[in-house]
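Handing you a structure now.
Order of writing sets the chain letters: A, B, C and D. Residues in each chain are counted from 1.
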Amino acid sequence: MAAERKLRMGLIGGARGFIGPVHRMAAALDGQIELVCGAFSSSAKRSQETGAELFLPQHRVYDSYDEMLATEARLPADQRMDFVSVVTPNYLHADIATKALQAGFHVLCEKPLTISREQADALVQTVNNTGLAFCLMHNYSGYPMVKEARGRIKAGQIGAVRKVVVEYPQGWLAGDFAAAGVKHQSWKLDPELSGGSCCLGDIGTHAFHLAEYVTGLRVAELCADLSIFIDYKQMEDDANILLHFDGGARGILYASQVSINDENSLAIRVYGELGGLEWHQEEPNTLLVKWPDRPRELVRSGCGNAYLTPAAQAATRIPAGHPEGFIEAFANVYLAFAQIVRNAAAGAPAGSVDGDFPTVNDGLRGIAFIEAAWESQRSDRKWVPLV
Amino acid sequence: MAAERKLRMGLIGGARGFIGPVHRMAAALDGQIELVCGAFSSSAKRSQETGAELFLPQHRVYDSYDEMLATEARLPADQRMDFVSVVTPNYLHADIATKALQAGFHVLCEKPLTISREQADALVQTVNNTGLAFCLMHNYSGYPMVKEARGRIKAGQIGAVRKVVVEYPQGWLAGDFAAAGVKHQSWKLDPELSGGSCCLGDIGTHAFHLAEYVTGLRVAELCADLSIFIDYKQMEDDANILLHFDGGARGILYASQVSINDENSLAIRVYGELGGLEWHQEEPNTLLVKWPDRPRELVRSGCGNAYLTPAAQAATRIPAGHPEGFIEAFANVYLAFAQIVRNAAAGAPAGSVDGDFPTVNDGLRGIAFIEAAWESQRSDRKWVPLV
Amino acid sequence: MAAERKLRMGLIGGARGFIGPVHRMAAALDGQIELVCGAFSSSAKRSQETGAELFLPQHRVYDSYDEMLATEARLPADQRMDFVSVVTPNYLHADIATKALQAGFHVLCEKPLTISREQADALVQTVNNTGLAFCLMHNYSGYPMVKEARGRIKAGQIGAVRKVVVEYPQGWLAGDFAAAGVKHQSWKLDPELSGGSCCLGDIGTHAFHLAEYVTGLRVAELCADLSIFIDYKQMEDDANILLHFDGGARGILYASQVSINDENSLAIRVYGELGGLEWHQEEPNTLLVKWPDRPRELVRSGCGNAYLTPAAQAATRIPAGHPEGFIEAFANVYLAFAQIVRNAAAGAPAGSVDGDFPTVNDGLRGIAFIEAAWESQRSDRKWVPLV
Amino acid sequence: MAAERKLRMGLIGGARGFIGPVHRMAAALDGQIELVCGAFSSSAKRSQETGAELFLPQHRVYDSYDEMLATEARLPADQRMDFVSVVTPNYLHADIATKALQAGFHVLCEKPLTISREQADALVQTVNNTGLAFCLMHNYSGYPMVKEARGRIKAGQIGAVRKVVVEYPQGWLAGDFAAAGVKHQSWKLDPELSGGSCCLGDIGTHAFHLAEYVTGLRVAELCADLSIFIDYKQMEDDANILLHFDGGARGILYASQVSINDENSLAIRVYGELGGLEWHQEEPNTLLVKWPDRPRELVRSGCGNAYLTPAAQAATRIPAGHPEGFIEAFANVYLAFAQIVRNAAAGAPAGSVDGDFPTVNDGLRGIAFIEAAWESQRSDRKWVPLV
């Protein structure tokens, strides 16, 4: 069945910060989704201002997410939003997502999933009970060359994985911290709002998800060395973590917010018995492929590169050499999620299908990762299992 | 005055090829423009199919651009499209743009402007007569780091320009041409549709515009060595051109469609008396800045990089390290054009204002460039002036 | 006093493998040292063949190092070698170096220093007792940009160091191991000859020395995760190690010989409170310098780059843009060592002076590092002090 | 027959500047050549000082090259130098080389060959008449990856060559020229000493030779646009040149000494019908290989990379990942030349054998190139044949 209309998205949060606009741009990019309503801020005034800037009709701009969920649920089916995107500070994720699901809406939620394991477990339960679609925004998995890496590993091209090095160095908190007043004001630096983890919650979970997504392996145990260099609110700003994967692969994960002048230098290297792969987020359209006895190859994203795996081709909009970036990768997650929501609208199941987007279970893994890392740190940096 | 609604765009062309979707994505990205109507193909059937895929109401999908311009012009002001984007094969640009302007619509048009100098001169006249806004889509000028380069040169940071090297090697026509049936079918390879120039019209004009845009200088004369390696339709597929700029700067421009495996490797290097600049389209978020007695710098695009020029900052949507690419640059041209269209809707003049987007005059320069290059080639590759 | 002659070098080992020739080329490069004698192999025949290839007079080619040390010691002062270079398998280092020192010769020795802590302690003692010059060949410290990094950190340019990431991934043992017969024959894969450590002894100690050399900090404790992927002789071929430095800096060191298709990808990143530094051995002439609020800089090696520290300038032979590589860095260690030997010949002390080359104490640190790493591994990968 | 001794080299010039030491280091590197005598300067005092620094016996250090050639010729065969290296300012090349050949010595000479076509023709004649070996130091042809490129083209891997882009941008004369007193003093800036060409003679001939060496094609005609930006001695400091090769390939050659902050950014790109090749001198150990329908490959220099052509393998001293640079490439030219000199000593012909080093004929091509470029420039930048 051909689609007859754009999907209708509601947005909770996003009045401030850079990630709200990214969600809106990513959702709009492919012409499949339209923003129809929002509760953009805990401040009703700011919510209304944002709604006006986005050209929304006033009656679809809400003062609170509770009001939005209740009102939208009562709208006729041909007006009601189809799904809600949650881009609030971390501490609200669980409450909003739970209520949205209970009100019958599919949910796309920013990471980390929640601020505790308990919340995460409950949310998994709610998703399963409602049978609705749930997407956790690990946007880096939307890059075509990340999908290419995953596809090649799945197909056995590099053999059994031996080693994974995933890193996410960033300089956000480095430099003259005292002078950087704006940074202080980020909710990410308020343990009550962020959930008590800074570096791991903000970027470490991305690195963790990327490692599991690309390799298809699960981390079995870890040993974490967390640091607090910016002595501000006692949250970690640097993490060096050793990983053991199921099946014997070894790994290193490091995430840092004091890596001065580094931007979002997320990168992953995977070494297998037969070959290796390397990808850097800041030059996302190249995948370096390594072979034992012949030259390494520069695999490139782009329509028309017929040698790419189908998933990588499908995640590309333009021919090679026209760089696609962060927003396009983000939009790929939206597209994959939107397809499941469309299918659900047409009667298909939504909750347990594989749509090649991160799910609530990936979110749970991320929370388990944060908690295991802190447990290791607190117990003299010992190895602890990740369950 | 705050904007109260999205601008309404009509699209002519774009049912096939990759550039139509790019226009739609770029226009949609920032939530400032909505596509309201289109005549997407010379085939009425294909136009309707495309309109349906884009969720347009059937009555706003037209069988021909003549019908579209006539019908839209009669719609009430609160429904009528505000401007039209022209993404057809080159030979139609002049006719469509002229009629659209005469029907009272602002126009955004793909490059090259027309297929002859005569057409181009007439179109300039029409734009001037109507006083409407006209944007020529030289999308590479929309990249933040291109604007940074332009801004730094304008501010005198590298002193008087001595040398410019601009290149656009591409492998589109290389490889097993006979087997690449799809390529044969491109209208770009039909001289009647493309206007008789392949490499120069398709990519050479981009390189030419980039050189003049970044340096703020005008090419005064040139010496061209054009080649036809793929002996298919007798259009040039490779161009090596020496440039003399007003004021004494020297330059090299080369564009090629037989540079096997190169993608869209547009790059520019500018050397002045005090410093130099280097930019590569395939890694668009870095500008290399060169100084005589100290290390070269990697200037990076991104919100929050306070050292950037205002124009570069304004052209950036996300913090450094989250790569923005081709579509975002394209969207910057749309945004700048849209601002002028908005201002015009509010009563401001549109036709002669500087909105930091390429205009009909830039289009005319491009046509003059193509014709001068061919004139040079035909007269034993002599130097010819570019007027 | 101007030098009046070349220094005379004797060589022990080097008939096979690639490192012997490197020593000879590095020693010869600057015209300060001449090879005058050698015991090139445990096989007298092979030693003679090598000597002949090197155009040595037959009577200066020895069948054993014992014979060489004894005979050379009896030669008149104006013929006798000034120092000996030891490039044998690891297990011989201690015996040869000790005997050479006792025979009155300065010694330059390949790493690792010895195959046990006990041997290393004894050798330190012998060096101290004899007062002779001793150089351990950590050649990577000879690169100009490594010296630049060290100089900048020493001068406080990046402030207090917070984090160090040093890596040495290599694919030597990856790929089709069974087919790579030659590799099997390397003494490095025979625990009796190598000392029982493969990855750490061969490349890990280089990474370790580089981290301490560049930062000027000492590792206080570590937690090691060693792996054996190539199940051949039960030596580690991969090492992931967390580091704590004196003063609070954190670090990661990883070395690997199963990182397929990686060559000698030694790299170091150091992040301080005020700035950061990054260097890659495979592109050794660039040092990336990172600042909080301005663009990163590409500091380049080369005579005439007046902004470089004196040590980096002194370590460079040619103007920027003429790449210097591995052999030149190696030769820098020889040059620094040779200067001390020259000074000693002129009556200056040799044993306790700072010549900017790695010493026996650096060698001891390397052995302590290997032993601590294995102790950590054997005690369930706990943290252990490095004394 | 195995070699029984090192070859004996005499050096003319080299007391000042950086290229003399490079010759000495390159000659010494592989232990095949020893410096036995020299006339290092037109100043006898400086010649003696240099000889002393090089530990030469006083009687082998000469006050003039005439004295050196005469005296060495009279020495017994087992002491006499085997060949002479000429590293003086350009204007002396012809006289020295001619006299050396006439005195019976093989010659290795810096580029450009001479300062006029007339001199060059005469020197070719002398070489042919004497039957001695003559090497022109186009050192860039000594890089392993340059030989790899040449070998692959020769073997037909990229098919018929269509396009060549060779560039040598350099910032030597840019920046604050007035303040750079040292530069003024270079003989390269004195037309009487350099021969009247600056940019072309110094670096343009390298680019030209590289293009002909790698492709195996000859330039048939050219169109040159030469510039004088640094108005000092009226020699060109920038050159943009269009090339036509025999057989139809097109090309661009540009060389510049005002490309601020560029170092020795010699690079070449060759595009053929089946593939393409790209090499950059500043990262000399990688050759980028391009294919139409599969990923580009990073071909890497290094012993053990069995996929390399024999010539590239033979030009490599150490395993991949241990960077070899400028001096090593230089030394490869010396090694190839030395082999012919050795063979000649054993009775083989020297003058007309292919030793994979640049010859007097390559030198003649370079002089013809300079003269054709200037002829084009002087005749209104017309196309002129290169004979």
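To be clear about the criterion, contacts are C-beta pairs under 8 Å (C-beta built on N, C-alpha and C of every residue); 3 or more make two chains touch, one makes a residue touch a chain.
On a predicted model such as this, the values are computed, not experimentally measured, just so you know.
Engineer: Chains touching chain C and chain D alike, please list them.
Structural biologist: Looking at chain D and chain C together, the chains touching each of them are A, B.
Engineer: Does A-B or A-D have the larger number of C-beta pairs in contact?
Structural biologist: Between the chain pairs A-B and A-D, A-B carries more contacts.
Engineer: Taking each chain's centre as the mean of its C-alpha atoms, which one ends up farthest from the centre of chain C?
Structural biologist: Using the mean of the C-alpha atoms as each chain's centre, the farthest one from chain C is B.
Engineer: Can you check how far apart chain A and chain C are, centre to centre, with Cα atoms defining each centre and the answer in Å?
Structural biologist: 44
Engineer: Nearest whole angstrom, what separates the Cα centre of chain A from the Cα centre of chain B?
Structural biologist: Result: the chain centres lie 34 Å from each other.
Engineer: So what's the Cα centroid distance for chain A and chain D, whole Å?
Structural biologist: Computed value for the inter-centroid distance: 55 Å.
Engineer: Could you tell me which residues belong to chain D and also touch two or more other chains?
Structural biologist: Answer for chain D, listing residues that touch two or more other chains: 262, 293, 296, 300.
Engineer: Show me the residue ranges of chain B that touch chain C in the complex, using the header's touch definition.
Structural biologist: Contact set of chain B toward chain C: 289, 293-300, 306-307.
Engineer: Show me the residue ranges of chain D that touch chain C in the complex, using the header's touch definition.
Structural biologist: Those residues of chain D that touch chain C are 2-6, 18, 21-22, 24-25, 28-31, 35, 52-55, 170, 262-265, 281-285, 300, 302-303, 317-328.
Engineer: Contact residues on chain A for chain C in the complex?
Structural biologist: 158, 162-163, 165, 167, 169, 171, 174-176, 223, 225, 227, 229, 238, 240, 242, 244, 250-252, 254, 256, 258-262, 269, 271-276, 290-293, 296, 380-383
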